[in-house]
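Below is a structure I'd like to ask you about.
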Amino acid sequence: MAKRIEALDLSCYYGKHKAVENVTMTIEPKAVTALIGPSGCGKSTFLRSLNRLHEVIPGAHITGQVLLDDRDIYAPGVDPVALRRSVGMVFQRPNPFPTMSIFDNVAAGLKLGGSKGKDLEVVVERALTGAHLWAEVKDRLKKPALALSGGQQQRLCIARAIAVEPEVLLMDEPCSALDPISTLAIEDLIAELKDRYTIVIVTHNMQQASRVSETTGFFTLAGAGQPGVLVEFDATSRIFSVPSDKRTEDYITGRTG
Amino acid sequence: MSATAMSGPGAASTSQVWKVTGRRAVVNRLMTMAMYLAFLIAVIPLALVIWYTVGKGMTRFGWSFLTHSMAGVGPDDITGGIYHAIIGTVEQLFIAAAISVPLGLLVAIYLNEYGAKGFSTVVRLLVDVMTGIPSIVAGLFVLAFWVLGLHEGYSGFAGSMALAILMLPVVTRSSEEMLRLVPDTLREAAYALGIPKWRVILSIIVPTARTGITTGIMLAVARVTGETAPLLLTAAGTLFVNKNVFHGQQEALPLYVFSSAASGTPADVNRAWAAAFTLILIVVLLYVIARLLTRRDATRR
Amino acid sequence: MTQSTPAVGSPPTATGTPRRARRIEPFRGITFAAAVLVLLILGAIAVFLVVKAIPSLKKDHSNFFTTKGWAPDGDPPMFGIAVLVFGTILSSVIALVLAIPVALGVAIFVVEYAPRRLATWLGYLIDMLATVPSVVYGLWGLIFLVPHIRGFQHFLATKFGWIPIFDDPNNRTSVASRSIFVASVVLAIMVLPVIAAISREVLRQVDPNLKEAALALGATRWEMVRYALLPPSRPGIIGGIMLGLGRALGETIAIALVLGTSFAVSFHILQPGGNTIAANIANYFGEAGTTGRSALIATGLVLFIMTLCVNLIARTVIYRAAVKQGTAR
């Protein structure tokens, strides 16, 4: 089910401003790929171009190609809305829909995305189990989602994302707003999820990247006021022990921030 | 500057240590008194207005007052009531809301969720202009267009059209504000799930903002409940109960207060007070409910 | 990422992603149509008022702008807005002069001087008072204020009659008091909660750091108010005042009740009589013939234009003040 993503010479623009320049990388299925680098160097922008969420901002566009299992997701005739059911996303701050219960949140993607006829209860249970949240909430599915703790809310968002059965899961710093215990819980979850999905995780936390990912990409700014670029993309073990590029090494060892 | 400073060791035992004296202190005291005075000056007439209305209104207020109309009641008779006026006001407000709320909400959605650069600015500007339309001008328009121009004649419906014109910009503006308060991250989460935009708006964004939007609507209704001028020219008023809001002149509470007050006979004036009291009750009720609702707002932290 | 005008699926520039099929979204069309409809309504209002006003203007045998009488159904029709515009502006100006200092004082009082718990309730109270219908103020003005203020008016006329506006040549203030002055007082009372409510809201939103900084420098409470609280609030307070002005200009019912149906107005505000555009429409509408109605519509048009100008001036003033402060958006 999980799919391979290939970015070919991808550049991301906000209007005339180029935020990310010429990224080429291959993201393997059923694995975790981490994107690390200092703030503001385009990691999140790049991530958002993989599910075409980037273009929700007026004037935002890309050049280059993004292939999902050899099919260009930016080809004419591709419906971004349909695409996003295949490529899901979890965000930095947990964002359950405030007016909905836990059950309705998880079911939201299905009910509102137009998949009819599926047995919602089965799907919700499956998703919550997959997100390691089922045991904690199974007795209060109809309670408001906001009553959950931060870590639980983020797992709820993960459940919501996997309920629509995507092939890829994009995660934009999913643990940065959480306490260390919840962070570890989510990292365990990611280790399990990678058996079924292609996972791309943007993180500020280098230790996290080295813990959870097989492959790591290091982004940085080409220079002051310049767009972000992909400096190095390699197996995680190599990036963190013998990086090829000096910039990567500086970042890893903390010489640059 | 004349602040008296400490004068060396041992001065800590003095009670008068740091003190602002002279002109600055005097000015400060004067202005403090001025603020209290302003408050009093404001409170007194406003309290008088409320006090008087409640006091005089309560004498004539009562069940029979609420359930009888002015049919067959002369200006000096002490019977009669506002039943016809209440029916008229309720029906007119209902229709005014039915027109202005969906329309205002749709425009607010367009401005905040879709919107094209130049066009949106123009629409916002003109909606702002519309908030400033004097109520009598709104009445004049409906008079010129509907009552006379299309020869539809006076009716409660014409009145509700004028009221809708007054409500529309208020509903639009407050709804837009409320939609804007919904955090973008919710929109992103919804788009990322592959939910089409219109569904995101109707099933997620609007419900999240629904408390604020409802408050805005109730406040708009409270504001037009007491509008007399536009109704003078459109619904025109009558002594009789008219349950058909689409046909024929209809009475309304503020109209009733106006005509009774203008008539001047003691009986009419007494009824005017009672009707004014009823009006204030309704407006205050709407206002209180709106305020209570804001406590349950989903967009407040 | 701000999304002030989001648009999913909008085609990018020529050098970028190839054009893709635009998703057809009927809902977007519906909301767009609603926006267009609102514009049409506003346009229709302007157009109709003009169209219906013109017949009377053509028949007017006198200069519409300078004539002081009102006889549009007469033979020949002679009417003018001089008295009405004058009365409208005069009563609104006096009302504002009376209301602004008090409203500002109340707002500052509630925000700064009142005890905290009382302040919240007072805030609600002021908001609520701003929604009391004007017809109630009119009723109160007519029944209570007119008789009770006679003594005060007479006092003004006798002790301060040397000031031209308080002049009372025929000693009418001892008996009658349905004057522009009383009407303005009622207007002031009505407009006061509006200005106070808005000012209070604006003052409440001033950054507490600014206030603390002033106090930390050794300012007295009044100095803190004057130098730290009021300046950043100026655009918002002006907006509130303009809103109050707009309400005063358009106020129909309270004035119609207090002033009755007179047509004379002079600078002597204590003299009985006076009229405003809005009150005139309300009072004469019932007995107006075709030309009369058209003439009233013409005055309504003038009122509309006046409030429009006030609105636009207010926006410009507020914008300029915000630019000076650096808070313009």
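What to note about this one:
Chains here go by letter, A, B and C, matching the order in which they are written, and residues are numbered from 1 within each.
Following the convention adopted for this analysis, a contact is a pair of C-beta atoms (placed from the backbone, for glycine too) under 8 Å apart; a residue touches a chain by one contact, two chains touch by 3 or more.
Because the structure is predicted, anything quoted here is derived from the model rather than measured.
A summary of chain positions shows that the Cα centroid lying nearest the centre of all protein Cα atoms is that of chain B. Each chain gets a centre from the mean of its Cα atoms; the one farthest from the centre of chain C is A.
If you average the CA atoms of chain B and of chain C, the two centres end up 15 Å from each other. If you average the Cα atoms of chain A and of chain C, the two centres end up 54 Å apart.
If each chain is reduced to the centroid of its CA atoms, chain A and chain B end up 47 Å from each other.
Of all residues in chain C, those that touch two or more other chains are 1-3, 5-8, 23. Within chain A, contacts with two or more other chains are made by residues 56, 81. Across the assembly, chain B contributes residues 187-188, 191, 196-197 that each touch 2 or more other chains.
Within the complex, the chain A residues that touch chain B are 51, 53, 56, 81-86, 88-89, 91, 93, 95, 97-99, 108-109, 112-114, 157, 160-161, 164. Per the touch definition, chain B reaches chain A in the complex via residues 183, 185-197, 199-200, 203-204, 207-208, 210, 298-299. Listing the residues of chain C that touch chain B in their complex gives 1-8, 23, 25-28, 30-32, 34-35, 37-39, 41-42, 44-45, 48-49, 51-52, 101-106, 108-110, 112-114, 124, 127-129, 131-140, 142-144, 189, 192-193, 196, 218, 220-223, 225, 246, 249-253, 256-257, 278, 281-282, 285, 293, 296-297, 300, 303-304, 307-308, 310-311, 315.
The part of chain B that touches chain C in the complex is made up of residues 3, 20, 24-25, 27-28, 31-32, 34-39, 41-42, 45-46, 48-50, 52-53, 103, 106-107, 109-117, 119-120, 122-123, 126-130, 132-138, 140-141, 143-145, 148-149, 165, 168, 172, 184, 187-188, 191, 196-198, 201-202, 219, 222-223, 225-229, 232-233, 254, 257-258, 261-262, 269, 272-273, 276, 279-280, 283-284, 287, 291.
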